[in-house]
Every structure is written in structure tokens, then in C-alpha cells.
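Below you'll find a set of structures to go through.
You will see subunit A twice below: alongside subunit B first, and alongside subunit C after that.
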Partner chain A sequence: MLQDNDKILEDATNSEYKWGFSSPIDQEFATKGLNEEVIRFISGRKDEPAWMLEWRLSAFEAWKKMKQPKWQNVTFPEIDFQEIIYYAATRKKPTINSLDELDPEIRKTYDKLGIPIKEQEMLAGVAVDYVMDSESVFTTFKSQLAEKGVIFCSISEAIKDHPELIKKYLGSVVPVRDNYYAALNAAVFSDGSFVYIPKGVRCPMELSTYFRINAENTGQFERTLIIAEEGSYVSYLEGCTAPKRDEHQLHAAVVELITLDDAEIKYSTVQNWYPGDKNGKGGIYNFVTKRGLCHGKRSKISWTQVETGSAITWKYPSCVLKGDNSIGEFYSVAVTNNFQQADTGTKMIHIGKNTRSRIVSKGISAGSSQNSYRGQVKIHKTAENAYNYSQCDSMLMTDHSGAHTFPYIDVKNSTAKVEHEATTSKIGEDMLFYCNQRGLSDEEAVNIIVNGFCKEVFKELPMEFAVEAQKLLQISLENSVG
Partner chain B sequence: MNKDIVESSIDNDFETFQANDALAFSDALMQVKRAAFADFTTLNFPSTKNEEWRFTPILAISKGALSVLPVAISANAALKLNAAGKEEFGNKIIFINGHYSASKSNIVDEKGIKISKVIDSIESQEGKFNTLSDNHSEPFSALNTAFFNDGICIEILKNASIEHPIIIENIFTSTANKHFIQQRNMIIAEAGTKASIVFEYTVQANATAYMNILSECFVAENAHIELLHDIQPNHPLHLINNTFAAQKKDSTFTCHSIATDGTLIRNNLSVRLEEKNAICYLNGLYIATDNHLIDNHLAVHHLVPNCQSHQLYKGVLKDKSTGVFNGKIFVHKDAQKTNAYQSNKNLVLSDTAVMHTKPQLEIFADDVKCSHGATVGQLDENAKFYLMARGISQEHATALLTYAFASEVTEKISNTEIKKRLNTQLQTKLGYSFEAL
Partner chain C sequence: MISIKNLHAGIEEKEILKGFSLDIKAGEIHAIMGPNGTGKSTLASTLAGRNTYEVTAGEVQFNGKDLLDMEADERAREGLFLAFQYPVEIPGVSTTNFMRAAIAEKRKHHGLPPMEAKEFLALMREKMALVEIDKQFMSRSLNEGFSGGEKKRNEIFQMAMLNPLLSILDETDSGLDIDALRIVANGVNKLRTKDNAFLIITHYQRLLEYIVPDFVHVMYEGRIVKSGGKELALELEEKGYDWIKEENIVQ
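Presenting the complex of A and B:
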């Protein structure tokens, strides 16, 4: 049995990354390296107003004074920030109204990725904003959304068209000086998505952004800002892939969510950046700051993430529960294989009264990978009757992978209730035996067991995404048996 | 700026210490001490920027202008201690202001126990001394190794089963007020032995005690050792309590850390499970009041297959107190079939009390069963209501339920006499008594 497992695992480690192509698109780059000139270039290239440039420059000043953090449970050679190209954009500025006008190469990339824009258009499913390298390429369904007053556009457009919203909210949840990578992002971010849901509107469709790093040596620094006004609701999906490259590429995004009274944002990510080859060569460094602010009463922010890609995943989607009775949720599945490393989790900061949060985290480690859950639950003095429930389970597939849990619980209020539990185990031989006995192969059995293990998280994903996530998991752990 | 002052004072202290002929350390030991002092100079007193000391400021120690030199022994000679020792039973080993007092100590179970001063037994225990203490990363271990000049070495001889508990009591008088006492102990349990060892602390009125105690505990094959840290000094005590244990085949190591008083208590407990079928039980109870801080840092290293570890830590936090818990379980690569459990439960009974808990699992083997749970909450309102509906005042209902919560830990102590005494003390502390009901 064990020998079989080893063989099957070996097969699994040989499974290919299926999104590893790159597209020969005519692109324009900023000069390599980071200095004021590059920031001025990015800002100028995007016709940004002066206040935006100033904001970037002040972030750059702050960043220069900061040091790279070292506390994380992942290891990588120091990043040379002068070796990165901070801006790459398609040369033809896409001022297009229909998909047919899109660069055929981009369309091809699209098709290879299997983003069914056309299909979705027909099915009236999802409005897509597609960000290749640094520039937002296309946003579908704009007019239909505009009818409801929903703004869904690239953040550069928003800077031009809705400066009052940007000025008010950009950097309000993740301040410029929040951390090293957030400051870097603030200085050089090139594009990203902007969503504004007006008062009382339930966004009629799911909004989706697809991120793709295409060019070599580039870093991707996108910035997403979602604002849900009183009583509104939006579900937002994010997907990511990258071509296979031997060198590491940096992805340092910032995502900010704000919910006002009674509003709700549901943010789902299926992250499938190139994880590197089976020897740990190449792959994306995914260092992302994601944070949501439940500003209003009875508001809710829910993060769902399925992390299968990236050489290193290092992020903590967080909720600041400021409004009374607000709710924060975090559901995560993180799968690591080969030499992947993940240090991910969440922060739930309870400030308002009767705030509630729930954390469900599932980690699966295969190959020689290291998978860490790191989370913080902080109950401030003002958070009367706050409640948190956390559960983090890890599953180990091999004897040379590692699973780690670092939960921090800080309570400063006597009415708070905080519950945390964690387990680590391997796939139970009894479970496998049970499945085998009923005629299922090891592979099918693992599939069923792993899917069962992750079910709590998958059920939070919108349906199409849930299907994709399950497939992704299947590929990531192809043929592997515990 | 202050740091420099402290550093230089410790530098001076070390020079004085080295020059003191009366201490008469062997060359080999002096070498160990010099190396440890070098380690300490590199590490220095930890600040709250150090992850291991994030919630535990030790300013009273690091900035308290304390001397790490031993208290003059002549000061003890004149002392008249009317109540030396809490227990009327058992084997008593008494330390006064950090110095072993042979005249006040009393060993009842002479068969099976060998007691000597730690300095005298270093040579005979060469393979053991300073092998568990982590001087390279733990500043207080390094400081202790550099400056200790007294302590006890307890050997439990092969196959001995010691009937009475061995009680090591540290008594502090006001003479020791400005001293940071460094004490070093060794507990060597040979194969097939069974013993209970209790550490107690008494701080006399007008005294404020500072102590950095380090005990290395070697549990041989099939030995069953129970350790109890009974920390209820009644007067201000700043205690850094370092316990290191290493276990061999089929052994059991049980450690209870009970702290219900003390200004600053930091328990560093580290257990290495080195051979198969070793089991450790680590239990803890902390009841913090006023502005006291009680910190428990645990590390269990599963190095080989088929071992078990069980941790149960419970805390009650009142007033402006702070509780810190950090329990680490490391399952090393080859430690298959490991069972490791950890549970940390806390009652926060006031709005100004703070609890920081961080249970931590680091697992590098796949065939393991590990779990941890941590809760922070209050007493069950329904249970309280039930009692109050039966005519018990709210105050007493709270005390009764808190006692029920806390005694889960004390109930695990095997020696009935000690258990009884601890439970009584606990009842007094929590303001609960049968008579009042």
C-alpha cells in the first residue's frame, strides 16, 4: 500500500502546469528597476492627476525607509527590487466596445485560459475585467451594470472618472505605510479593478477579474478597491495564472474592501499562479495584502480562497470589524505540492459590539512543501459580546512535507467568546480502505476524501468557481494518495 | 541608553564574579560560564520585539538595576526563620536567598536519593550538565549558566520508588531585594524510578524577590517523574522558571505548573521525547489578579516515533492581569505515530484583563494525530443561573464554577496530601468554601 502511494505521488509530482504558455503580445515596458523616474513614467503613462502622482511618491519615500519583513515561515532569496520591470502594458491601448476588437493574441490567451467570456456573455453570467500584466484589458457588461449604477472598471479609469471616491477610500483600509509590500504597491501599482455598488443595490451579476502575468521579469502590482454602500451586495471573483518561467516573479497586490451599513461583500479567489517546476525552480511569489473593513453596522465581509499555485503564497485576507454587529468570514483551502511554500491565514480584528467572525482553514501538504496557517483573532476592549470560531485542519500527504499552525488569540474583553481548534492528520488508511472495498481506486478515493475535507470551503464558492476549484485540486494532487 | 547601563553593570558583575576566589569553580565550569556569558552578551535581555517575549515586558528585571551576584551568605546566618517549609511531611530541601541551607533541609527517604550541591556534581554528571539548557537562543538560560553559583542535584537511584515528595523550597527575605538570584538544579532519575518533586516559593513580608531558576531533568528508561511548580509566594515575586526535560524509552514525565500569585511569572518548559513510548503530561493552572502577568511557554519535541504528549493549561484572569500562553508542538521528521494533544482554556473575568494565547503546531511527519484547542470565554450563564435559582449568591456561584474549572488541573496531581493542600489554597484564593454555601 505504502509503495503504491509513493509511486502515485511520484506521478502526481510529474503533473504539468496547464496554464504555462506565454503570449507574444506587443507590449510596452517601463525601464527595469525602481526609482522616482519609473513612478513618474507609470503615472504619466496613465495620464494620472497630480495628486495621484504625489500619493505614489510619498508611498515610495515611505517604502525606501522600510525593511523587508523576516518573520514569515517561508524562505526565499532576497528579492532585488531593481531587477524587476514595474510596468508592462499592451502597446495598443484598448478602447474597444466589443470582444471582437480585442487583440487576437489576447483573445487566444483568453481562450487557452478557458475563460468563457463569450459563453458567459450568452449565459448572462459574469462580468469580467481581465488584467494582463499591468493593464486592464477589457471589461465586459459595463453598460448593463451602469444601468443599476454599479461602477465596475479598471482602477486607472476610476482615478480619472471618479476621483472623489478614490481620494476618499484608496489607502483607507490598507494605509500606504501598512507594510513593506503594500507601500511598494502603492508606489508602483499599475492597474486593477474598481467596484462601487450604490446604496441599496444588489449587484445583478457576479463580478470577476482575471489576472495574468505574461511578460518576463515583470512584477504585477495591481490594486483592487471595492466599495459597498449602505444595504448593497456584491460577489466578486478573482482568478490568476502565469506562464512557466525559470526565474521567480513577484506579485504584490493590495485589495481593499469597504462595507457600509448592512452591506455585504463576498470575495472569492481561485489562485493558480505558476507554482514552479517539480524541483522548485521558478514560480510566482504571491505577496498580497488583502483587507476588508466592515465600517457600517450589520455589514459583512466574506473571504473565500482556494490557493493551489505560487511558489510562495504569503497573504492574510483580513477583516476589521468596526461596525456593531458586523460579521467577518474566512474560508480557505491551501494546497502545496513539490517545493511550494504557503504561509497564509487571516486576521479578525473585533472592534465593534456583537461582532462575529468565523475562520475555516484547510491545508493540504504534498511533496516537499511547507504549509502554514497563521491567523490572529483580536478582541478589542470595545468589542462587547464578540464571538469567534476558528477551525484549521491540515492534511499531510507525504512524510517530507510539513504542516504548521500559528494561531494568535488576543482577548481584551471579558464578554468575548473565542474558540479555536486545529487538527493535523494524514488521510486515514481506514477511509481509503473503506473506499477501496467499494471498488474505488486509490485515486478516486483520495479525490473523494480530499473533497470531503474541503467541502466546507467549496460550498462557499459560487457554483462555477466551485467546479473549477475542485478540478484544480484534482490536478494539483493528481494520483496522490496519503 | 538604559540598556547600556544595565549591560555594563552586568559586565562588571561578571568580572567581579570571575575574580571571586571563594566561589572556586573548576576551570572546565569557568569555561562553560564564559561561553554562556558571551551568549548572553549577544542575546541581551529580550524586549517585546522578540516573538517569544512579545507580551511579556521584563522591565522590572532588565531595568531594575539588579545585581546578578549572589547574596552575601553571612546575611543568612543571622536569620531566624520561624516557619521554614510549608509542609510538615516529605523530604525538604531549603534555599534561603538562593543559598542551599543544609541545616534546615531534611531528607526522610534516605534510601534511593542522593543529594548534592550542583557545583559538586558537575564533574560526575559531565555528559548531562548543561546539555538541555539552550544558551544560544534563550537569554535567561545563558544568564543562568553564566551566573549560577548554587543549586541542587537530586539523583533518584536505580529502581527506587520514593514515597514522600521531594520539596525544594526557596525562601526570600528582604536581604535579597535588589538581587536577581540565579539558581541551577539537576534532577537525574535513573531507570525504573518513581518520584514526585515539588518546587515552592516563599517571599517574606517586605521582600521583593527576583529569581531565574533553571532545572535540567533527565528521565531514564521506565522512570516516572512528576514535577510540580507551586508558585504562590504571597509577596512580590518575579520568576523566570526554566525547566528542561529529556525522556528515554517507556518513561513518563508529568509537570504541573500552578501559579496563583506572583508579579511576573514566566514558565519556560521544554520537553524532548528522545526514545519510543515516552509519554509526557504537561498541566498548568494560572490564576492572575491585580496587574500580575503569568506567562507559560511550552515546547514539546517529538523526536522519535510512538510517543505521546498531552497538554492541558487553564487560566483565570481577573482585575488588570495578563495571561500569556504559547504551546509549541514540534513533530520531527521521523516521529511517525505521534499523538500530541494540546488544550488551553481561559476565563477572562474582567474587562481590564488580557489573554494572549498562541497554540502552535509544527509537523514534519505524516502519520500523526495532533490537535489543539484554545478557548477564551466566560462562565456558563446557565450553570450560574442554576446555582442562583437554588439560593446561592452570584458571588458564590461564580467562585464555585471557577473552582470547578480550575480544579480539573489540580485533580491531576497524584500525591493526595499536596493535592488537598493545593485545592484548599485554591478555594481560599477564589473565595469559595463549603461553609458559606
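Presenting the complex of A and C:
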């Protein structure tokens, strides 16, 4: 019987990746491999000021002396960094002023993905930055945002137009030498989004970036920087897809968030990079450094992520709670299937007094996949009355999938309180039968059970995103039944 | 409505149902009584299509169709309902959402579009009143943290929502206090029509004071050993199951 049940769930996992097409866009590339020339080429193509090139070159020097980390609970062949193309961009001029100037192929690509770049058709109240491979192709609603003093543009534009902000904040949360992939990103990052919310402004709409890898053999190295001034608020969404390719592609992004006094940033991700095929061939290596600094008092940073894609996911969106009474949150759903591997979680670093953090992690493992939660809670000596609550739940869909939990707790202040709860459950035959008996097919049953399991995380997502996330989950686990 | 002929079913090496036969017509209420471990729940689960039990012989016609040919979910959509002896908890899924999904699937099966939100809510309200269930239960995770009695009442609520042709109640009365018992019985009596039927599995005669069955069957070791009218329940209560056991040893 157990075997039957496994079969049902296994079948559900054979679904096809629906975003796997590629588009024939006229692009130019940097030469394959990584050296100083390539970095100069990238910087040159972007008309960057000399200080930016210097920054990149020093990052490159640092990277050359670093080693690839090996501590994650994932296995993959050594990455040859000389086999990667570090820059791919449309040949047409990247800065455009209106939609009519956009390459129709790019527009078609986004249409196919179900996110038409047409302001009037967009979900009300979402401004979007579209990033394909190495460049930002179009940002919507710019002028409306500018009225409020909100800056939302590609990071390349920000380097040119707002150098004082970039110089002050770039690398201030994730230093160049933070880790191997962060250093690599600092050297070769090509584009990404920049957001600045002025003092006291509540951003009038959701901001969103849609990342798409299109070109072959290229890596995507985007960099996102969000600054929320005193008393401001912004909700930011990030979505990602990539074509199906037989080889693995590297995605090594860096995201930095900064909140000043009483500011709040809500950062949501629905990550759906190509996961590789049923036999584990191809797929994106998603090695990303995301960190938020609650610099100001009573400020708040909240990460919500739904991870369904990538061959390997290795990322820990973190919060550094420096300001007194600041709050960090991490809500995560990570689904792995077939041969996917995920090692994801968070770090909550408590420095200020009365800082609070909350971690809710839901891992779902299907097929032969491995899903690890790794979380660190660090309470510094200065963090009087700090409080952390962590809850990590894992659901196994098959007998040969795995769930692992690695909590690291380091408390240096005796007034702090840390609570940790963890559960692992196997999706049960009794639950499935109960649903079947009410007329739900195995597939529907898995869907409703999994959605229930993830509810605490989904309710943190903005409405439209929550719907998208549920659909994605359904597709990721499709045919586990039947 | 349902015609069960010589049903044999069990798990791996152990046969539990050993030639069970029963006919139920529309409009009828049948009660099955029998000692613990005699196969009553196995019968209910087998009819509902639980894969744990393998059918080795026999046939079952349900509403003109071969029941054993259908998967559990299809049987449900065709109008077979099982009120579980031990209802399952589903974390994070509210009764409301669960019912919305179940009704949508059933309607789809019968070629109908999903129910309008307004109509659905009205239906919920009507059925909540019928089983005197508080609306806070509708938004809570299904069966999670419900008391035994609340779970059983929720089963009857779901039955009322889905309006099945044949409802099988597996010891819905056990663990209920007298008020809850009255509510459950009242629900069944109000849902009863000339077009549907009920199979009520119970260990005690108590429930049958509130739901008056047309037929009472005594089950022992995987099949029916005695059938009669409602007075048989009383006789059983008086003489105890030992009477049945002895009689069957004599035979």
C-alpha cells in the first residue's frame, strides 16, 4: 500500500517546466571566461564612472584569492568559471523611453511568460522592472513614482544618475568580500534594480522586478539595492524564470536592503528558475546572497520566498537587526522535486535591544530531492531582551526524498529568549483517502494539503503573488498522483 | 440504489469481509450492528474505495454503475459519502475551502459550473444551522483541535453540504453526548428523502431511538448473519452480542 501511495505522489512530480522556451533576440556577449578584460568590457559597455570600475576590479582581486564554499548540503560538479559568459545584452540601445522602442522579441518573451509589458494591462498598482540576462529592459510607472520622490530604475542607471546613493550604500550590507559568490557578483554584476524611498513616503504601488535568463552559457549576476529612508514603506516583488537548457547555468545575485528609523521593507520572491529535467540534467544553480540591514530604530525587514525552481538553491535571506526594537521576519516555502537540491534558510543577527525575529520555514520534498533548512539565530551581547521564534516544518512526498534541518543558535545575552519548533511529516494515505472520499482527485488532494501546509507563508504574500505561488506549487507537484 | 453481492475483501493474507451481501433501495435506512472487529469499518472503507483493502470476489452495483470499477474520488462524486469513524485532520485547510473544492469537483463531474459564491455561502449557512455548528469551525483548520463530538458533527455537516445519494455513517454516534446525538440524528432525519439512502453502522442501539431504521442487520465475522426490522436492535441490546456468537457457533 505504501508503495501505491508513493507511486501516486511520484507521478505527481513528473510535470513539465512551462517556461522553458528561449527567444531569438539579437544579443551581444562578452567573451567567454573571466579576467580583467571582461570586467573592463562590462563596465565600458555601461559607461560606468572610473570609481565603479575600480570597485569591480578590487572585488575581482579579492575573489581570485577566495575558495568555493563546501559546507552546504548539496552536491554538484566543480563549476568552471572560465566556461561562463558574463555579459549578454540586446544589441539595440538599452535605454529606451517608451514601450514602442522595445525590441518586439523581448515583448513577446514576456507576453509568453504571461506578464505582458503593457502598462494599461498590468495588475493595478504594480510597477515592474524587466531584466533579461544582463540588462534591465524596461521599467514601468517611472513618472508616477517620481512624483512621490521614489526612485525605481535599473542599477546601471542609478550608478550614473545617483552616484552619491550608490557610493554610500552599495556593498554596505553585503561587503565585497562577504563570500565567494558575492565577490564574484561585485566584479561582474551587469544589472538589477535600484529602489529609493524618501523619508516618510509610503510607496504608492508594489514594485516588482522580473528576471529572465535567456541566452545560452551565460550566467546571470544581478544586483539589487533597496533603501528605505526614515518612516518609509515599500513592498517589493521578484519573479524569475529561465529557458530549458541541458547545461547548468549560474545565477549569483546579491540583494541588499537598508531600513532607517521606522522604515519597513517587505521583500517577496517567487523563484521559478528552470529546475533541470527528470533525470537531473540542466537547471539553474541559484547561489544568491540576500541580506537586509535594519539600521534604524523600530525598522522592519520581512523576507517572503516561494522557491520551486533551480537545480540547486543555496541562499539565506538574512536580517541584521542593528536598530533597537527592530524586527526581522523570514517566511519560506521551498519545494524540491526530481533531483533538485535546496539548502536554504535564514540568518537573524540580533545586535540592538528588544530586537525581534520570526522564522517560518516550510520544506516540501518530492521525487528523489533533498531539501535542507539551515538557519542561524545569533544574539549578540548588546541585544538585551532579544526574542526569536523559529518554526521549521518539512513534508515528505516520497520515501526516497529527504528533509534536513540545521538550526544554529548562538546566544550571548542571557535576557534573550529563543524558541525553536520543528516537525517532519509524510503526506499520509489517510489524508489522501479522506480527500478522495469527498470527491477530490489525488492531484487535487495533494494540492489542497500542500496549500494548507504552506498557508502561513502564502498569507504573507501580496494577493496576486499568492495566487501565482499556489499555481506554481500545483504545477511543480503535478501528476504526483494518478 | 446499491446492491452488494458476495463481497470478499481484506488485507494481504487476511480476509475480513467474507461474503457480504446487502441490497439498499432509495428512501431506505439500514442499520448494521455487530461486535468490535467484525469488519464494519472495513465494509465502509471498501465501499468507499480505500486502496488498503483488496477486493477478492463479489460485485457491487451503485446507482446502475459498477462501483468496484471506480476510484474512491469518482465514487464520491457519484454520490457515495462516508462519515468517518475517525475523521482526519488537515492542517491549514478550512472546512469552508475544503467544501468549496469538494462541491466544485462534484459539480464538474456532473457537467455543472462552480457554484456562485453567494449561493455557496447561503448553502453553508443553511447546513450550519441544520447541524447546529458554530461558524468559527468553518474557518479553522479541518478537524484540527476539534473534540471527538465536533469532528462527528463536522462530518454530518459535510454530508449535508454534499447531498449524497448514499451516506454511510461509521459509528458516528460513538463518543457523542446525548445532545450531540440528537443533533446528528436530527440532521439525518431532515436530509432523508425518498431519493437517498443511509447505511448506519453502530455498536449500540441508542442512536436507533432517534433515527428509526427500516432494516437492522447483524454483522458477524465479515458477513450479515441476521436481518430484521427495528425490533431486532432492541433484541440485540437485551441479549448482547454473545447471543449472535453462540448462534453462529451452533450453525
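Convention: the second predicted complex is superposed on the first by the 458 of 482 C-alpha atoms of A that agree within 3 Å, B and C clash if a C-alpha of one lies under 4 Å from a C-alpha of the other, contacts with A are read in each partner's own complex, and residues count from 1 in each chain.
The rule we apply is simple: a residue touches a chain if its C-beta (ideal position, glycine included) is under 8 Å from a C-beta of that chain, and two chains touch if they have at least 3 such contacts.
Just so we're clear, the structure is a prediction, and the values are computed from it rather than from any experiment.
Peer 1: Superpose on subunit A as described above, then tell me if subunit B and subunit C fit or clash.
Peer 2: They fit: once the shared chain is superposed, the two partners occupy separate space.
Peer 1: Tell me which partner A:Glu83 touches in the superposition: subunit B (first), subunit C (second), both or neither.
Peer 2: Neither partner.
Peer 1: More residues of subunit A are touched by which chain, subunit B or subunit C?
Peer 2: After superposing on chain A, more of subunit A is contacted by B.
Peer 1: Scan A:Gly452 for contacts with subunit B and subunit C and give back first, second, both or neither.
Peer 2: The answer is second: A:Gly452 touches subunit C but not subunit B.
Peer 1: Is A:Thr424 in contact with subunit B, with subunit C, with both, or with neither (first, second, both, neither)?
Peer 2: Touch status of A:Thr424: first partner only.
Peer 1: Examine A:Pro407 and indicate which partner it touches, taking first as subunit B and second as subunit C; both and neither are also allowed.
Peer 2: Once the two structures are laid over each other on A, A:Pro407 reaches subunit B alone.
Peer 1: Does subunit B (first) or subunit C (second) touch A:Asp47, or do both, or does neither?
Peer 2: Neither subunit B nor subunit C is touched by A:Asp47.
Peer 1: On the A-aligned overlay, A:Asp161 touches which partner chain: subunit B = first, subunit C = second, or both, or neither?
Peer 2: After superposing on A, A:Asp161 lies clear of both subunit B and subunit C.
Peer 1: First (subunit B), second (subunit C), both or neither: which does A:Glu37 touch?
Peer 2: neither
Peer 1: Once the two structures sit on chain A together, report how near the CA atoms of subunit B get to those of subunit C, whole Å.
Peer 2: Here the least C-alpha separation of subunit B and subunit C stands at 15 Å.
Peer 1: Can you give me the overlap between the subunit B contact set and the subunit C contact set on subunit A?
Peer 2: none
Peer 1: In the complex formed with subunit C, which residues of subunit A make contact?
Peer 2: 1, 4, 428-431, 433-442, 444-445, 448-449, 451-456
Peer 1: Subunit A touches which residues of subunit B in the complex?
Peer 2: 51, 333, 336, 346, 348-351, 353-378
Peer 1: Residue numbers of subunit C touching subunit A in their complex, please.
Peer 2: On the subunit C side, the touching residues are 48-52, 71-73, 76-77, 81-82, 84, 87-88, 90-93, 97-98, 101-102, 105-106, 109, 141, 158, 162.
Peer 1: Inside the complex, what are the residues of subunit A that reach subunit B?
Peer 2: Touch residues, subunit A against subunit B: 71, 379, 381, 394, 396-426, 482.
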